[in-house]
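Chain lettering (A, B, C, D, E and F) follows the sequence in which the chains are written, and residue indices restart at 1 in each chain.
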């Protein structure tokens, strides 16, 4: 279970409120590269983890830290909105200075949240859990988590660049440092789990005839691959030499699908439908067999 | 630009059509760990890539390969649906054998696609691009891509385990091998871009007072961290030793937000609203300043 | 069934068209607090209602009224767009006055709808039915509906504050008045259904050992709860006194999950996979039992 | 900030694992009436709250409790999946007993999460924050929260009815009791904030000509409203008598939109387009005015 | 505005309730080819229509009819759920007959809607307005509407095939007949608006050098296009002969993007960042120019 | 399978980069009327096509062309972003000229994509496959595709109108010409498949008593339908005369649903729940019957 402490994980100070920057910060809350994503990603990975307890502990501990980051960023959004104009929007249109501010402000910050943060991104798109990776494979999760932190740290660095506010720069520098730690810890765990950097999942080797495709770059373009390209002519992280297939081989034949069953109403080229949904093809035969079994 | 060749990238053969397995395969087409995700992830990363051309070429070449994988899996879905029952659903309810098949079949395969594949996952949820990582940072992208392939290879391995059909096992073994290659190429590129495994983006170092937070594990739980936990007591991939903060420090103070502006209708505790949207607080002052500027 | 009358439910008059305000109005059409939500919420609640007819009638009657509110707001959006610029966007960038207008205008109003309303919110996010509450429990629905109207009336009040246009102020005042009525009618029905304000669903009482948790505030924070806080030290709306658990009790033990089954590819710590998907654990035993039954 | 304790908020015990029930439990995690919704709803409402501190404290404390409920339910899902079959799906089709289990099992529990919980609902639809109400108005939020708990308690009661497992019944009885408390606390706060039960937001009264519409039931149907219907012929919760408008009045005129601007390509009935986006109508005049101002 | 009549648009009769068929019917309510799509599509097209009134009238009249179709299908869903089992789900797993029914039943019909219809599709995916076409171009809308009806009529025909229930067959036959009318009316209007079947929008002709691409089939594959293929070698509906470009021409050069700006943190290959967000490239120059203008 | 050629399908040239226009172009990439929609629509229709090979070939060939259009537009977005300001957003607020640009710029182009294109629309909403029509009926697909191209061509025409940049005008003129060809080819195929323009699916005729509803306009409004309205008083495209039902007939009776089963917790009006989920109504009887069968 969890408990809340009123002290924040880090001081949030806004020297000069800026509603445009509040909008930008939302991307770090509810965007696919934001804190709601990593918080939920680590939480669900941790709550479903069945392996050694140390990984589960790390996942849940860092998930908990990320809830606190949502708190930090939401507080920063709320503080930046304290200077937001509420002038009638007719002014917005005729007054370039107000217009500029309103033009860039997130309408939902006023309309939906009454000058508070919202569970969405910089464009007001509600958070969608489709961005969460939870493979159930620890090694895959560690690398996916490192990627998520790298993407998130890039976003934080861009946000820091976009502001001159000392308080905001301070907060973002702290978050950037934490992203460094998180990257490092996921990478360290990935290395512990898979020191030879074999393909993940490691217990699923490529064998027999398929092994030839497991370290071969398929070049799906016209120009030759340069000699110094590692992933074509060098050695893979697991020590196996890469090969190149140039152009990419066509290993299959033309696709050939069975004619359309009439009940799919596939167009004038199919036969007339059988209102019972049957037919003479494979479907009808299956139905007959089923009928026999269940008499 | 692109061209299509009627030969498939690999032979698709279904020995015994199985509509339940068709449903399972959809996860590898339109799920967050499926081919539509990686195809679009590599395509958009490649089309926006501004660095050395070799990375762009690799991204676009593998994106192109993934379109062919969508083709392979869609063909496999269509072939597995060729045995789907079309008996009236009243039978479905009273006949356990038919019921079992229909119960597990994806309704949209018949209702929406007429026995064809659909751009969604194993639950019929339409593909949503929120799962796509496109950071614009090459090193972050390479690690995120490796994570995506690891997650995808785990899915393919599970799918192979779920079928005894030799044709499906053959196709999935091929896709698993290709996922090996893709993992290896993204990891090789990540290493080439960031051989010292510094935090990404590498040009954003942690400095000054923030450096202390950049390699410190914050333990957000009650129990002590064991001594042999690398991410607390070992060395990070970039060579810096980890430290531990136990319990996690509370570096901030209580959050303190400005009182609610009346026009936000924040509840009875706020003062009466000013129908002009003004007020005496910071908002009113801003409005006054704006009025002066724009007279 | 339904019929349409060309007269609007209320006069829509726009004295000075304003495309920025058109964008704001969209939140009241397709946002989670907008008319598409309540229209569909009441419609689906009503069409599924199985209790006394008077509730069903009220739900369907008010759902019908809300379709007319969509019509009012869409008409208002269309009229506000009549002043929208269609100047080439190069002008947008170099001309601050035009830019200000265009910067705040919703691009889809021109690009997708050709100067018409769209089924989305103030940020152009398409309406998503995930915001609709349809519990199938009349009393719960009445309270959820009252909440939806309160949220919606708050939005309408903000919108009225944002405009000086007399026509728009008139329309929004009408909609605000109707939201008053709708709040009152849902609250009246909630009271009729549950005059003692017991927990909903009322036919599911808390009994035995669980009753102690049913009126106890769990304080998940460090500081003491003040004496005058009703929900900790006062009396609940159903007449039962509240108690406080401070700090929140930890009623469970550490979670303990079974070791990872090999076929889930849970990482290097699991045993090698069994390609048949079996194993020696509980899964294997279940499979054996199943095999016996179905021989 | 937050901390995690390894003890659960309540004991999770599964006497007989049941993957179909695991799927049902997902609705209480990631569905619109689930814990992810209320956890985020209270968290964002609390982090944006600007009124008296006691409301903010309550919101954040209960939000924290709900994170623990996500933990409880995810653990319950994971435990129920321990009996899930991993037999090849060909068996699924030919063996009705296995088929029945697999037919009702959520494919993503194996395919995406490797026998763990996932951030989605009972149909595998990813959680979407569009279901979250954050109005920024405390009184509206309290009623919306009570509605959310009522909807959630109804779901929990249905889930308890669906299982005979003593452990699951115990857990759900605990959650039902907590939902009672949460309902009561939100209702108590709503009453404290708005003891006279006036329309929310209370500081936005209906005045003048609009007051007549604020307590009038508009009957959008053919049949007369019965005399004993409170919301038509009784007294509203704020003490004002209801009136009825039967049939619903048509207060507006026919909508009348300006002719289509040519650059909107509105069909053959519009005049030929002006490639400059101009025209002779209101748009052109605005553009002229703008040009003069900005010269 | 709208009014509701308690008589349904057509009789809904369910001879033998079937919860599996209830699930199937949901696709016709909330799926991309369902009634919520067409109802909203016609409603928003009509409410934004600025051309001759007869088109607006038709759109709104048929939109109104479609609300009644939602009512018909929701009633049919509710009636089909009257036979749904509510046995504890433990039985579901051990009892194949119950399991079969439950396996195919939509969990949300019980869990979320309490045996009522829901605003989603056959997989429980909430309706999403992204499926709605509202181009603002009347001729385009008419053809898109005809397509939507054709897709919907195909779905209705499949649903009728799936049931033996005389009541359901009767209802679906009625809906199929109405889809015929709707197809015909949109096609008739499309023909009235664009009798020469020129490209839509008709006021945007292809001229000059571009005309050569306007009736040329680009063959993006290896094999020759057969002689009798109309769209390559025949005559287009507007009377212009088709030509073929085989293989598809490569009319552009290789893409060439500017080097990455440092502040985008594009990876190690970019120069070190400028914390002011400036630089020497085009961005810096723009910033300088801006600074001059606004001094 | 597919291959990529570095030459673009057409030259992309941006004379004067414009980040506001980059945002507008996104609608043509990831909006419901954009290239991601048609690319996936044709791809999935083609991969599931079971009829004559010439249709499948056309669908896959044009799908391939559309991937190249995504490439063209993404390249155009990236080039238009080359002039985007990266000035700190504090400047944005105080400097109207910068503000204007930033106000209209898509935040994710910098924050998420690092000055690259993204898989979303002009409002930053991620692409959602719910907009894809794949009916599995060839004739329906051809008309739906024609509609999609008409909608898309309308968008392209608006985009061309919004820019004065010669390069962008050139690119959009090319795309408009290609949309002409695509419209013509889908219309030609629709005519080939259904020369008599009967209702689609053509093999599902309206018969018996239903035929009277198949060519009857139902007028759901108060005013009379003018005599010259084809869809009421003229002849349908299939040669059958239209009739009019004025007002729309009420062919059904009032809906009548069975009383609420107690286990649905439908509110105080239902009887007390049976914790076993049984009851005396139809549900209990079904359960009894099931118990007998499975003894």
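Criterion: a residue touches a chain if its C-beta (ideal position, glycine included) is under 8 Å from a C-beta of that chain, and two chains touch if they have at least 3 such contacts.
Bear in mind that the values here come from a model prediction, so they are computed numbers and not experimental data.
Participant: Common contacts of chain B and chain C?
Facilitator: Looking at chain C and chain B together, the chains touching each of them are A, D, E, F.
Participant: In terms of residue-numbered contact pairs, which of B-C, B-E or C-D coincides with D-E for over half of them?
Facilitator: B-E
Participant: Could you tell me the distance, in whole angstrom, between the mean C-alpha positions of chain C and chain E?
Facilitator: That pair's centroid distance is 24 Å.
Participant: Find every residue in chain D that makes contact with two or more other chains and list them.
Facilitator: Within chain D, residues 1-9, 32-33, 47-50, 60-61, 64-65, 68, 71, 75, 78, 86, 88, 95-97, 99-100, 103-104, 110, 112, 114-115, 123-126, 128, 130, 132, 135-137, 139, 154-155, 157-158, 161-162, 201, 204, 220-221, 223, 248, 250, 252, 255, 257-258, 260, 263-266, 273, 277 contact more than one other chain.
Participant: Chain contact graph: line, ring, star, complete or other?
Facilitator: complete
Participant: With touch defined as at the start, can you tell me which chain E residues reach chain C in the complex?
Facilitator: Going by the criterion above, the answer is residues 1-5, 7-9, 30, 36, 40, 43-45, 47-50, 60-61, 63-65, 67-68, 70-71, 74-75, 78, 112-120, 126-130, 132, 134-137.
Participant: Which residues of chain A touch chain F in their complex?
Facilitator: Interface residues on the chain A side: 16, 18-21, 23-24, 27, 31-33, 96-97, 99-101, 103-104, 121-125, 128, 154-155, 158-159, 161-165, 220-223, 247-248, 250, 252, 255, 257-260, 262, 264-270, 272-273.
Participant: Enumerate the contact residues on chain B facing chain E in the complex.
Facilitator: 1-6, 47-52, 86, 88-93, 96, 99-100, 102-104, 106-108, 110-112, 114, 123-126, 136-140, 193-194, 201-204
Participant: Give every residue of chain F touching chain D within the complex, in rising order.
Facilitator: 154, 157-158, 161-162, 263-265, 273, 275, 277
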